[in-house]
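After this come two complexes, each holding chain A, first together with chain B and then together with chain C.
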Partner chain A sequence: MPYFRITLLRSAIGLPRSRAGVLQALGLRKRMATVYHPVSAQVAGQIFAVKELVDVQEVAEKMTKEEMKVSRRPDPGYYIETRVR
Partner chain B sequence: MIGPFRSTSPLSGGLLWKIPWRLSSTRKARHRERLKRVDNVVATLDSALAKLKPELAPAALENKKIVRQFREGVKEQQRQQQEAEAQARAEGEDGAVAEDAAVAARLVRQMGQTTKLIERWKKEMPTEAEMLPRDKYTIFDRKERKYRKGIHKLPKWTRVSQRLNPPGF
Partner chain C sequence: MLSRTVRRSLLDACSVLPPTFLLPCRARLINTVSHSTEADQVPEPLLNSGVHISPSPRAALKSSETPTAPSSAARLPQPNSIAPSQATTPIADSVKELLPSLRAQQPHYITAHIHARPYVVTQGDIIRLPFFMHGVSPGDVLRLNRASTIGSRDYTLKAGAVDHHLWNGKTKRKNGYLDERLFVCRAVVVGTESEPMRFKEKTKQRQRHVRTVRSKHRYTILKVKELTIRSPDEIEAKSDH
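Right, the complex of A and B next:
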């Protein structure tokens, strides 16, 4: 099932109240927050209302917060051969 | 006098802000990036919806009247498509009627979802590449000499889509 991966890049401070309302409805509370919503015309309309503030990608699967954090973690540069007991 | 505490008009007076008359090249570059980002968002929405088949509307919305009507519309279209195909088969290769029906049937099959908003945006709004530099960096103002001022004078200009100006100005 395809999802929209929506990241809030710009805040709605100082913009009409309705923009902030749309962001709240999408579950975006602060900058750089990422949410996933299933691809549908309804969600597309919501994103369209705040298109200047967000970054959107279409992805196949949802990621949890933990998974996103792991995916951001850089390669440590080493691996553990055997665990010492 | 030079240094951070020099007595310039903005510092010595009350509220006096200096907005530069023209945008610097780096500001213009960032502005272009923002325009491209918005284009990219709209393109993503459009392509994602186009891939979505009409019958894949979310199950949670099953009870809503609009969705029911939408699905009935789709069924109606499918029925018409079958009829058209049947008619096309019956008529064989003769005439443009069969061709039209086949084209219509193909269109119905290819149809994904879209929204009026996105269609309107695609029709009316130029993309960043299509815009003239004049429209990218300046905006119409009836009080200004030559009717143009820098787009950075527009309030919240980094977070609004201001791409069109009155024709002829």
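Right, the complex of A and C next:
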């Protein structure tokens, strides 16, 4: 099931209240927040209303907040070979 | 005549080498005294490296490295501390061919990456990490398995660039890591170091109260115990099992 991955890049401060309402409906509360919504005409219309503020990608799977954090984390570069005890 | 050759080699060294080696005493030492390489397994380009004329083999090594690098430095899966990943991609032929040259010339250095930060170290070096490493105790042996370069005086094996996927779906070319089968780097946790206690006074506006916060950070210390480069035969044997 494909999803829209929507990231809020610019805040709606200073914009008409309807834009802020659309962002609220999408679940975007602050900048750089990312939400996933299933691909549908309704969501496409919502995105269209705030297209200047968000970054949109179509992805196959949705990720939880924790998974996104893990995917950003760099490789530790080591593993423990032998322990003292 | 000897002095003339020494001077020639010095001049050559000055024109070719990076500023670290510009010290005349050091350059002479390296040019005249051969390092601990056994005569029978020294490859051809190293035998006449006493008179320093080796930009050509170095260039050869670099130029042949760059196109083959993605296979040897393919983005490896995330390892964890219990079951480290083992790459299954074959080692590039040029790496197999030229690795003995690097291997024969001791000592080696490595750019090991711990949590993506690079540490340029050789065997015996002590690293004071800028953080406290959780889950380890003094005496534990860590295997450092992410490195971007391994090198000796004349040779450098560099990892090629790989595509790094950014959050917005764009890709960026970023330096990758070398294949972890090529080298063995072990570091021992020596202990921890702590900084002097820091006091910071915190104030609020229109308020007489002053709060003092105290902090005392601890840092883990590692010692590089082993840095060896595997021979192609060892790499083959490892990948068979």
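In the analysis below, the second predicted complex is superposed on the first by the 81 of 85 C-alpha atoms of A that agree within 3 Å, B and C clash if a C-alpha of one lies under 4 Å from a C-alpha of the other, contacts with A are read in each partner's own complex, and residues count from 1 in each chain.
We adopt the following convention: contacts are C-beta pairs under 8 Å (C-beta built on N, C-alpha and C of every residue); 3 or more make two chains touch, one makes a residue touch a chain.
Computed from a predicted model, the values in this text were never measured in an experiment.
Asks: Under the stated touch criterion, which partner chain does A:Met63 make contact with: chain B (first), chain C (second), both, or neither?
Replies: Touch status of A:Met63: no partner.
Asks: Identify which of chain B and chain C touches the larger number of residues of chain A.
Replies: Touching more residues of chain A than the other partner does is B.
Asks: After lining up the shared chain so the two structures overlap, which partner does A:Lys51 touch, if you call chain B first and chain C second: first, second, both or neither?
Replies: The first partner, chain B, only.
Asks: Quick check on the superposed pair: does A:Tyr78 touch chain B, chain C, both, or neither? Answer first, second, both or neither.
Replies: A:Tyr78: touches chain C, not chain B.
Asks: Touch check for A:Gly14: first (chain B), second (chain C), both, or neither?
Replies: After superposing on A, A:Gly14 lies in contact with chain B but is clear of chain C.
Asks: Which partner does A:Pro2 contact after superposing on A: first (chain B), second (chain C), both, neither?
Replies: first
Asks: If we overlay the two complexes on their shared chain A, which of chain B and chain C does A:Pro38 touch? Say first, second, both or neither.
Replies: First partner only.
Asks: Residues of chain A that sit at the chain B interface in one complex and at the chain C interface in the other, please.
Replies: 55, 57
Asks: In the complex, go through chain C and note every residue touching chain A.
Replies: Counting only chain C, the residues touching chain A are 76, 78-81, 84, 112-116, 135-146, 167-169, 177, 186-187.
Asks: Enumerate the contact residues on chain B facing chain A in the complex.
Replies: 34, 37-38, 41-42, 44-45, 47-49, 51-52, 57-58, 61, 113-115, 117-118, 121, 156, 158-161
Asks: Quick one: which bits of chain A touch chain C in the complex? Just the residue numbers, please.
Replies: Contact set of chain A toward chain C: 7, 34, 55, 57, 72, 74-85.
Asks: Quick one: which bits of chain A touch chain B in the complex? Just the residue numbers, please.
Replies: Result: residues 2, 4, 10, 14-15, 38-42, 44-45, 47-48, 51-58 of chain A touch chain B.
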